[in-house]
Amino acid sequence: MNPAIDRRKLAGVLLLLVIACALPFMIANYRVFQMTLVLTYSIALLGLNMLTGFNGQISLGHGSFYAIGAYTAAILIDKAGVPYWATIPAAGAVCFAAGFLFGLPALRLEGLYLALATFALGVAMPQILKHKAIEEWTGGVQGIVIVKPDPPEWTGVSQDHWLYFFTLAWVVLLFILGWNLLRGRIGRAMVAIRDQPIAAQAMGVNTAMVKSLTFGVSALYTGIAGALGAIAVQFVAPDSFNFFLSITLLTGVVIGGLASISGAFFGALFIQFVPNLADEISKAAPWAIYGVVLLAFIYVMPTGVAGFVQLVRARLARRRGAPVPR
Amino acid sequence: MSAGTTTATAAARAPALATERPASALLEVRGLAAQYGPTMVLHGIDFAVGVGGITTILGANGAGKTTLLRAVCNMIKTSGEVRLAGERIDSLATEAIVRRGVGHVPDGRGTFTHLTVEENLRLGAHTRKDRGEIGADCERMYAHFPRLKERRRQQAGTLSGGEQQMLAVSRALMLRPRLLLLDEPSFGLAPLIVQQLFEILKAINETERIGMLLVEQNAAMALAIADQAYLLETGRVVMSGSASEIRSDEQIRRSYLGY
Amino acid sequence: MQQLLHQVLSGLATGGIYASVALALVMIYQATHLVNFAQGEMAMFATYLAWALIQSGVPYWGAFAITVVSAFVLGVAIERVIVRPVENSPILALVIVFIALLVIFNSLAGWIFTYTIKPFPSPFPAEPLFGNRYLSSHELGSMAITLVVLLLLFVFFRFTPLGLAMRAAAQNPVSSRLVGIRVGWMLALGWGLAAAIGSVAGMMVAPTVFLEPNMMGGILLYAFAGALLGGIDSPGGAVLGGFIVGVLENVVGVYVGSELKLTLALVVIVAVLVIKPSGLFGKVQVVRV
């Protein structure tokens, strides 16, 4: 019993898509690169949001899946000569497996304990990536450099533009799939498990399977984001995937709005641009801002920007006397 | 629910409350209302406890008895007036009310199960300034309840139901309270233990002049030691009077109290 | 064999640090059922405070004392001002608040004191005691300090009325109110003590690992591992767990190489959570349906 698709919402989304396609031609090249990263982050944030916002499983280590996706792409391109576009689904598959496997023991861990375990994962990841045993593939501390892919001849756009549209295509695909998943049966099961886990189980929801699947899908999304990010940045190194990446992703989700799909874009814009601006004040400033913003959002706007937008729309609709759009 | 005659008797009794209330009440409650979320549980009730008196509130499960005691201690959202020896306490925090000499023996006993018996007793005296007397008071409790003395270093959670009840009462008494609130002390205890417990409560009330507000399902035992009684039904007082009156009225006993 | 003995003893010294931080974590956990993810950064920040005091000429033990007291006050303030308003929020909100604190302290330290690594003095002599070959004076000294702190805490909680009240408030806040305990302040005191303990740990570890904003990250992870191993709601267990993890870290480091130390902590954490979440000495949580 799926709710009917809101006409106005659909129109809004299509409009945004048109703007997104036109955008690269209206701004400078390095801005296009930044927007590509915004798109990348939005996928990662949607992934984390599925797990934490919709399913209520706290992850403080999602940067690790981003890292795994990034390294998968880098290793495949650099060591196995796989074309860049094929590495994306590969990264997704690897991360799905990793997430699902990590999710299995995590099944028995509730809120706080899962947070602890994922925290440990996030802190330990750089060390794992640097380890001598896998240095041959990972390039150790130096990491791996990726050659920027060339756009196909017939398109006639620059490399940066091509990467932007490539990433945009993945965004559209993944968001449609994600939206479908979340409003379907599994999505409702996810939310039920978050809100009333025991009741959900009593009603026949296979809690264990849904939770593990959610972990897997969440990791898949974030892993694909990592792969896309690696290709855009053209470089992977262990220290770019430290604990603070996990915090960045968490911040993005909180700001955008937990359990909100559109929130992923607000959050992505924040985590891409605010550190750049803050960096000019001091090296420490971006993190201080993250911390303060996190606190502010928890106290004042727990539903994030998306929730705030929703609130505004509701107020406007009430004034017009129209039914509140969902 | 009740038939015509008993409702009339209830109406006849309710006004009697006004003249029966002692001039200087230890605890005076007027218009006490309480709710859990949107559900009203107490609908504006009045009752009192005389200085050194024992008032009992009777009623079946779900009548609102535990809520009543929680409301007096401001553990839940309430409205209405609660006066302790003339002073209004209904806006104070629970800890502050306790500090004014109100001991509360909650339902479920509320013992600190991971702490020893002795530690439980000492916690009862937490707010007292006369720390030197605490040891002596512990001994007094052990005199009332010798079984506790045997187990003084044991973890409270390992005690039997009856022993935990004795511990809960002792802990509240360690406060040297003016008023003792007891929430169904007979619950889950063997009749013999209940009898012993109530005898001790009566004795303490007489020797130390501690007022008691006793909420009970076991009407017979409660009426045996109380002087005032109120009957609570779905959050309203449907009957009140002296304990002896209610005890001797066979009709009331049969219709409301089941014996 | 001599190498092994050296590693074990050294492991006990670092284990003392982990035990202290683990104890701080357990103290807050017992009272709130929450783990303070910011414990390490708070300790690091306090250590910078000590550094600043020493730099401006205050003698070591004076700076030590001032730092411990300041950390206590800071802990109380954080509980009252930042944690109290969101006390009853869902776990996710609280975890985010702690992470926010972690990030804020880390960046504040970086901002005020820069990210350059600084040496931190040790109050103990440079030559090993009695010329022994196993433990430096600092290791021995920090073990002693750790043990003194743990002993003082034990005495406080076991034998003083305030300690008893704090234990009661942590175990059963409702009943605690009924005996007149101001539960909110007990919580704040707990945070203050935890912060003070953390500051001692920071000052003991800084001479070895050098003072920089990310100094406590790995240590916090080990403290988590130790606390979980021993039992997250058992202070004694957490202390024991801390020592075990310290020794384990060093011994495993000898055989597997030191670059995987953090991974070891991760493995311990996940293993404990999966096999026996209540740890060696913790109580099994029964969830009432």
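Going by the order they are written in, the chains are A, B and C; count residues from 1 in each one.
Assume contacts are C-beta pairs under 8 Å (C-beta built on N, C-alpha and C of every residue); 3 or more make two chains touch, one makes a residue touch a chain.
Just so it is clear, the structure is predicted and the values come from calculations on it, not from any experiment.
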> Looking at which chains touch, is this a line, ring, star, complete or other?
Replying inline: line
>> Mean of the CA atoms for each chain, then the mean for all of them together: which chain is nearest?
In response: C
> If you take the mean of the Cα atoms for each chain, which one ends up farthest from chain C?
Replying inline: B
>> Counting only C-beta pairs in contact, which chains form the busiest pair?
In response: A-C
> What whole-Å value do you get for the distance between chain A and chain C if each is reduced to the mean of its CA atoms?
Replying inline: 33
> How many angstrom between the C-alpha centroids of chain C and chain B?
Replying inline: 44
> Can you give the whole-Å distance between the Cα centres of chain A and chain B?
Replying inline: 57
>> Per the contact definition, I'd like the list of chain A residues that touch chain C in the complex.
In response: 52, 56, 58, 60, 105, 108-109, 111-113, 115-117, 119-121, 123-124, 127-128, 130-132, 198, 243-244, 247, 250, 254, 258, 282-288, 290-292, 294-295, 298-299, 302
>> Going by the contact rule set out above, which residues of chain B touch chain C in the complex?
In response: 73, 75, 93-95, 98-99, 104, 106, 110-115, 119, 122-124, 126-127, 131, 171-172, 175
> Touching chain A in the complex: which residues of chain C?
Replying inline: 33-35, 37, 82, 85-86, 89, 91-93, 95-97, 99-104, 106-111, 115, 217-218, 221, 224-225, 228, 257, 259-263, 265-266, 269-270, 273-274, 277, 289
> In their shared complex, at which residues does chain C touch chain B?
Replying inline: 161, 164-165, 167-168, 171-172, 174-183
